[in-house]
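Shared chain: chain A. Partners: chain B in the first complex, chain C in the second.
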Partner chain A sequence: MIDARGLSCPMPVVMVQKAVQADAPATLEVLLDNPCSVENVTRFAANSGYSVETHPADNDEYRLVLTKQ
Partner chain B sequence: MEQEPNIKLTKLAHCAGCGAKVGAGVLAQLLGDIRTHRDPNLLVGFDKSDDASVYKVSDELALVQTVDFFPPIADDPYLFGQIAATNALSDVYAMGGEPKLALNLLCIPESMPKEAVHDLLRGGYDKVYEAGAIITGGHSILDEEPKYGLAVTGFVHPDRVLTNAGARPGDVLLFTKPLGIGVLTTAAKADLCPPEVLQQAYTLMTTLNKAARDCMVRYEVHACTDVTGFGFLGHAYEMAQGSGVALEIDTSAVDILPAALEFAKMGLLPEGMYRNRHYAEGAVDPGAVPLAVQDVLYDPQTAGGLLMAVAPGDADALYRDLQGAVPSAQWVGAVLPETEGGKRIILR
Partner chain C sequence: MKKINVLVPVTGIVVGLAALVLVTLGNPGNMGFCIACFLRDISGSLGLHHAAKVQYIRPEIIGLVLGATLMALAGKEFKARAGSAPALRFILGGIVMVGALAFLGCPLRMVLRLGGGDGTALAGLAGFVCGILVGVACLRKGFSLGRAYKVKTADGFVLPGFMIALLVLLLAVPSVLLFSTEGPGASHAPWIVALIAGLAVGALAQKSRLCMAGGIRDAVMFKDFNLLSGFGAIFVVVLVGNLILGRFQPTLAVEPVAHHDYLWSFLGMAAAGWGSILLGGCPLRQLILAGEGNGDSAVTVLGMIVGAALAHNFGMAGNADAMTDGAFVAGGVALPGRVGVAVCLALLGLISYANLYKKEKNQ
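Showing the complex of A and B:
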């Protein structure tokens, strides 16, 4: 799991990118706290062969689940 | 607290360059209820969301006034100074004017090394001199985050003012710089942008719009705006709305920095891109244009190019002239009549 809460763009998407490049996990859970990062991670996932489920939580936080296609 | 002599300026900034601009929609709300005074000599003011205000002094002379400042978009202070000045001067060029006087606006942390502040200001002075204008003073305050820019005054003939509201159906749209600067500086924040690519963005951001303006004023141009914080589509939308027209953009003709397109696909997009998209996308028909291309069209630019609406009879000649004067002149589309309930911007 990647917890990128508290980090501003582009650091969250860079963390996700590094995790995917390191060992191409079948699923990856990502915690975010701003809409820009949600959109950026979603774009990265779509271009890297992952589907994304976005679960908005309280306090403007989001849990994303990336699944390898 | 003492800082390292070779400080990384961008690490002190929350938000880089024109990406730090308050969103266009938010700005309209903030100004919403404020009463503005009318003056018959005020040729361009708040009402059209233009690049600068223009005040008629006589039948021969109008003053063009603008101010622009932002947090560091480059680590090198001299470079940041040059970029901030190039960007501030651009609003005068976008009105068809010539900059003459400038005042520094400087915010600096107390701990910032004196040499760095000196280099920053030297960058500003050098660009202003290159523009043929002079810096006559300024104001500095202490602030945790550095910021720099200038208030610039220029002159224009009152009959030759180029607003963003004069585009007419049938006009040709020309544009003068490649897009993708905001994406590249975002990638640079994560140390992902190769130095030679970043250097390309720096060169663009320190290229004055003077040569483009000097070509433009010799032809029948109906409208002009410089593409900065609201991105190509945000500024195009303002032009379309202000002029009461629609703009058709041939996206294959728009010069997009190749690396910016790759970074856009990787999700390395600045927050300002999403603000711009939110502001304008309701008025944009994206057609079948790929998402990454659209994203770069919404990318906030710093010291971006001039977007001109040119009379069709003059378009070929101006385009040829521009190609000789600025390296990346592009013929990007055409102005269409507005349609009832239709979109303001049509992407092809």
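Showing the complex of A and C:
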């Protein structure tokens, strides 16, 4: 799981990119806390062959589940 | 072709159109918007520097911040956050400003200058791209300024509140401010038009996340051309608009508020590009983030205002070329500006190295 809460763009995308490039996981969970990062990670994931489920949580946080297509 | 959010090029189109209107109504040439120049003008109007030709409270800046605030509040995206290396961000804001003022424009004005046919801005573009590439290399090595945290809502309203105070001063008690009577600071569109243009662009930029540095960064790092489409839209609109209005001057001759010091234009914008990547966004993006409640970006903007004051008080800002009585008077970056840009590049190297992942693993 990647915890990118509190990190400004593009750091969340960089973290996801490193994880995807390292071992192309079948699923990957990402914790975020701002809509801009959600958009950027979602776009990167879609462009990298992952589907994305977004689960808004309490405290303006989001849990994204990336699944390899 | 990867997916592009249509709002990004739409924002670029509006920025380009607003820039054309503002120049038509009085702003300096190729300076419909310039975050660096306008923050510098505000700095001067508040008496932080005494360069008499660049003092004015630019309503465009007020509008950009407040437009972002209003859109963020409407979209429930206003979040008060801070705590990600604020002191370093203050310094980085100042560095970006010194670099941009050596070139005579922020990344946004660089695009506007190119769209006006100003070939001298190509040196700035080359430097900006190189600076971004260095910044991207730092990100790949693990550079980070650390996490921001939730803070009290009042913290998020610091920069919007500062902008409202500036507007009140401009409209109610202008006698306490300094205003240029000649030079770029004296050239401006009517305040209400400038404010509305800023509000419109600020609101759209908040929603679209438009960022000049981010566009090139994302294209290089992620093959993502979403933000770059806004960069391109601004250029095309301004280019076509200037052609229609007869303002396109495709030359390397005397251009409005520009100079021929290519090496220092290159290095100045390299510092601006590198610094913008470390900050997570260009000067425009910092204004928008500050409008959304980001206290770290508010500190960055304050760093830019102080950096602008230092740039002029120490003679580091570039001097524009001029035609005086038919004779060409060369501008450029004087020795203090060259030293300043060199120091800024050295500081960027130090800050980058000090914040690589290995140095932060105990956080």
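A few points about this structure:
We take it that the second predicted complex is superposed on the first by the 69 of 69 C-alpha atoms of A that agree within 3 Å, B and C clash if a C-alpha of one lies under 4 Å from a C-alpha of the other, contacts with A are read in each partner's own complex, and residues count from 1 in each chain.
Basically, contacts are C-beta pairs under 8 Å (C-beta built on N, C-alpha and C of every residue); 3 or more make two chains touch, one makes a residue touch a chain.
Quantities reported herein were computed from a predicted structural model and do not represent experimental measurements.
Shared-chain residue A:60: touches chain C; no touch with chain B.
Of the two partner chains placed by superposition, chain B and chain C are both touched by A:35. By the touch criterion stated above, A:44 is placed in contact with chain B and with chain C alike. When the two complexes are overlaid on their common chain A, residue A:9 makes contact with chain B and with chain C alike.
Within the superposed three-chain model, A:21 lies out of touch with both chain B and chain C [touch as defined at top].
By the touch criterion stated above, A:69 is placed in contact with neither chain B nor chain C.
Once both structures are placed on chain A, chain A residues 8-11, 13-14, 17, 34-36, 39, 43-44, 47 are touched by chain B and, in the other complex, by chain C. Within the complex formed with chain A, the chain B residues making contact are 14, 186-187, 189-190, 192, 264-271, 274, 291-292, 295. Residues 8-11, 13-14, 17, 34-36, 39-45, 47 of chain A touch chain B in their complex. Residues of chain C touching chain A in their complex: 2-3, 5, 77, 79, 81, 83-84, 139-140, 144-150, 209, 214, 217-218, 221-224, 226, 280-281, 296. On the chain A side of its complex with chain C, the touching residues are 5-11, 13-14, 17, 34-36, 39, 43-44, 46-47, 59-60.
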